[in-house]
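Look at the two complexes coming up: subunit A is in both, with subunit B in one and subunit C in the other.
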Partner chain A sequence: MSPDTVQRRVVHIISQLVPVKPEAIKPEHRLREDLGMDSVASMELLSMLAEELELDVGVEDVADVHTVGATVALAEAFLAKKKVA
Partner chain B sequence: MKPVVLGAAGFLGLNLVDALLDEGLEPRCGRRKRTNVLALRQRKVPMVHTELDEPATLEAAFAHADVVFHLAGHYPRLSLEPEVARQTGLRQLEAVLDAAAKAGVRRLVYVSSTATVAPAPGGGPSTEAHVFEDAPRFGTYHGLKWHMEARALREDRLEVLVACPSACLGPWDLRVGTSALLVATARGLDVPHPDGVVSWVDARDVALGLVRLAQHPSPARRVILSAGSTRLQHLLEQLAQRYDVAPPSAPLADAEALAFCDAEERRAAKEGGRPALARELADLIIHGVPLDAALARRTLGLSFRSLSTTLDAFDDWARRVRILPSSPRQENRA
Partner chain C sequence: MSALPPIPTDEVAGPLCAEVTRFASRAIDARAIDQAAAIPRAVLEGLAELGLFGLTLPESHGGAGCGLRTACQVVSELARFDRSVAVTVGLHLGLGTRGLVAYGTPQQQERYLPELALGQRIAAFATTEPQAGSDLSALSTRALETDDGALLVNGRKVFVTNGGLAGLYTLAVATPGLGGRERGQSLVLVERTDAGLTVEAEEWKLGLKGSSTTGLVLEDVRLPASRLLGEPGWAAKSLAHILSWGRTLMSAGCVGTARAALDKVHVQVAHRRQFGKPLAALEVVREQVASLEALTFGMAALVDEVARADDEVLLGRSLAAKVFSSEGAWRVVDGAIQLHGGLGFIEDTGLALMLRDVRVTRIFEGANDVLLSHLGAGELTRAAERAPLSKVVGVAMAGVAAKADEVAAQVEATRQALLSRFRVGVFRQPRWMHQLGAACCWREAVDAAVRRADASGRTEDVARASLLTLQAKSEVARLVHEPVPRDLVEVALSDTLPLPEVRP
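This part shows the complex of A and B:
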């Protein structure tokens, strides 16, 4: 899966969780301050992403994810791990 | 036992799933469509889609189950609409009971709250015998929990057992619910608060108690699960010492605290977010009574963990998931 595809999926999920148009969501946006997601919504984002991409992401892994770009990077890292396994 | 857990992705739910797995049992875990299931995925347990307002999902989830743990009782985000909360809670509970009866579930363990435990005459510790005769009128949460518990205990199509845990502390409070005051204190925030009796229990002990309740050949119908009781102000002072932060301010008078909560709830309703102090928490503190959990100790063989053991476990977990920052001072202390 290309980085663009991962980013599109992340953006799509975010747009389901907060009232922001997908085209307005940028990698540098902070989940909380810029997109208005609280800690519950940002956990939901990562949970939905883990389910959609079948990633073995743990609660501890997502604790430091605060931006759209970091979410994409986390997904890519776990996709790469899955590929190796 | 073939258990289904409603509310499996929540704080108590995750601890219950762990307790069931420890017993060699594999629960089917009810999960709403939109919820954080990262922790359930880590446990590699089967999940099933359940919505309390969609009875068909409950019936499908309960097929072939003999025990249902209901940990998903309605908990309104705010206390501003008591009648809506009551109707929602009762409608959803009715749906769970109907589905369980239709599916031939043998036993349902319903998790209520110590909000339903009335003061003992004479001021001593309250036991399972102490129940409010009518719904308490001092708060949405208390009224809701009373109505739901009363309905659960009236059920006659299947065996329903009621567990009343006090404030649960410990690992996996991902939404920082009961732990909110604890986390605020650890972070050095001085949250305005009333004073009163608060009771606590380790979520892992509650989970074990629920499993034992489900397995018991002739269980009590209503069991209090609580490790200890103290005044909130004393507890906050102990916590401030533990986390090496300034001691808490003096408590607010009851009326002042309730006015603060109500103003915070109105703000949260308008702007979103959470109130600095939840109204139900203030009600629980102001109307809190000391509790006697001897029945759980005796019939379920529980020995409740100490507060310091519970807090140590919470700290370890909360620092791992960054709910609490790592603190060199804490590490030195340990």
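This part shows the complex of A and C:
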């Protein structure tokens, strides 16, 4: 899966959770401060992403994920890990 | 006078509550209010004369400048006499005016707060719509920016508490484009006299009949931009704070209702004789009364702790206080009716009214099932940071605190097990989050009860905290079990309620 595709999926999920249009969501946006997601919404985002991409992600793995870009990077890292496995 | 020990009050609330008690004893007739489905004008004027409508409003604008704790104590006391009156005042102090106090511009505060403090203008708050309840993103009432920078509001709000009394409404509305957020929501201030606003007829309800509940219809209501409250497009940020105040004040009302029901129980079981002796001499009755007292003790302790908490703690713990106190008050009033036998079913006793009044508290200010899921999800995201109570309480409380620690350990073990089993996907397990949320409520109440009993040092309080802990152990043990199999649920519903297709 290309980085662009991963980013599109992340942005699509975020747009389902917060009142922001997909085209307005940027990698540098912070989930909490810029997008208004509370900690539970952030976890729901990561949970939806893990389910959609079939990734085995633990809550401890996402503790430092605070931006859209970091979410994409996390998904890419776990996809790469999955590919190796 | 309540037979239970009074809730500890601060230096402002103590004398004020005494005044409230004197006034309410003389002026508030709960049954008459229920039958008339309205609070007499003289009662509202009396409450205003006591300064209750300005209790938490800033002194600079004619209020008393008190905090949430004092307001909770007053609302709890009012609820002992009539829940409709308590809701009217509590809603004004919480959801009705909190946004204006916390986020209003100096101009907005100058314009509205003096009249609100005097009770010359009552405040209301409206988010719920025919098709939108807890989900803000589903709001269909819209405020669209016009070419000259004003806002044009159209839509309908329902179940607006204080709707028929209010002179000022804080509305949550969709504001597409405002604040750079295409799908944002904002809070706006709407005055009763704004052209295009229609206040609908009073709803006929199961309980809280004296409390005004109406719909609002907004047809091309034109507001200047200065009516926006808080950050445009980000209502969720200010709503979190406003709702936590509203929930906590409502919880305080539940404590008052439970205490009023217990007062009636004490009189009933002392005087009613069965099998040649007073009910109060029967072991089964004594155990039931003690159980209700323990529950009420836990509710009061939790609400009081939450009302004193700083904002960040208040946001989370007010959920637990709301759920625990509303479910608790329902149980206590139901138990009180049971202890009255057939008499409890008769309106003259006053308990039937309490039961009808308290029922909605499990629904409004956030339906308990929704809040429990939020609580459970919040528990899963937070780092475990609870210090064992057994290490901080006095010797007399050590045994009870150790049991409370066992309750907390069981909740924590469940949390860890869920994280390990489902990984981040646990946030897609609504039934588990719901159950974990309910278990958290018990832990929070038990912890608060133990700390309060430790602080008071009263033997009776220690026993009540201990009884509550025993109840909690049994409840939490039930809650940490696997949810019923989903397949079984679906088969059972297959011929009555097939799972509907859900489109995003």
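Points worth noting:
In this section, the second predicted complex is superposed on the first by the 85 of 85 C-alpha atoms of A that agree within 3 Å, B and C clash if a C-alpha of one lies under 4 Å from a C-alpha of the other, contacts with A are read in each partner's own complex, and residues count from 1 in each chain.
The rule is simple: contacts are C-beta pairs under 8 Å (C-beta built on N, C-alpha and C of every residue); 3 or more make two chains touch, one makes a residue touch a chain.
Keep in mind it's a predicted model, so treat the numbers as computed, not measured.
Of the two partner chains placed by superposition, A:A85 touches none, neither subunit B nor subunit C. Of the two partner chains, subunit B is the only one that A:D64 touches; subunit C does not reach it. Once the two complexes are overlaid on the shared chain, A:L46 sits against subunit B and subunit C alike.
Of the two partner chains placed around the shared chain by superposition, subunit C is the only one that A:P19 touches, whereas subunit B remains out of contact.
On subunit A, the surface patch touched by subunit B in one complex and by subunit C in the other comprises residues 36, 38-40, 43-44, 46-48, 50-51, 56-59, 62.
The touching residues of subunit A, when paired with subunit B in their complex, are 36, 38-40, 43-44, 46-48, 50-51, 56-60, 62-64. Of all residues in subunit A, those touching subunit C in their complex are 16, 18-21, 24, 36, 38-40, 43-44, 46-48, 50-51, 56-59, 61-62. By the touch criterion stated above, subunit B contacts subunit A in their complex at residues 34-39, 41-42, 174-176, 272-273, 320-322. Listed in rising order, the residues of subunit C touching subunit A in the complex are 137, 180-185, 233-234, 236-237, 240, 374, 377-378, 380-382, 419, 423-428, 504.
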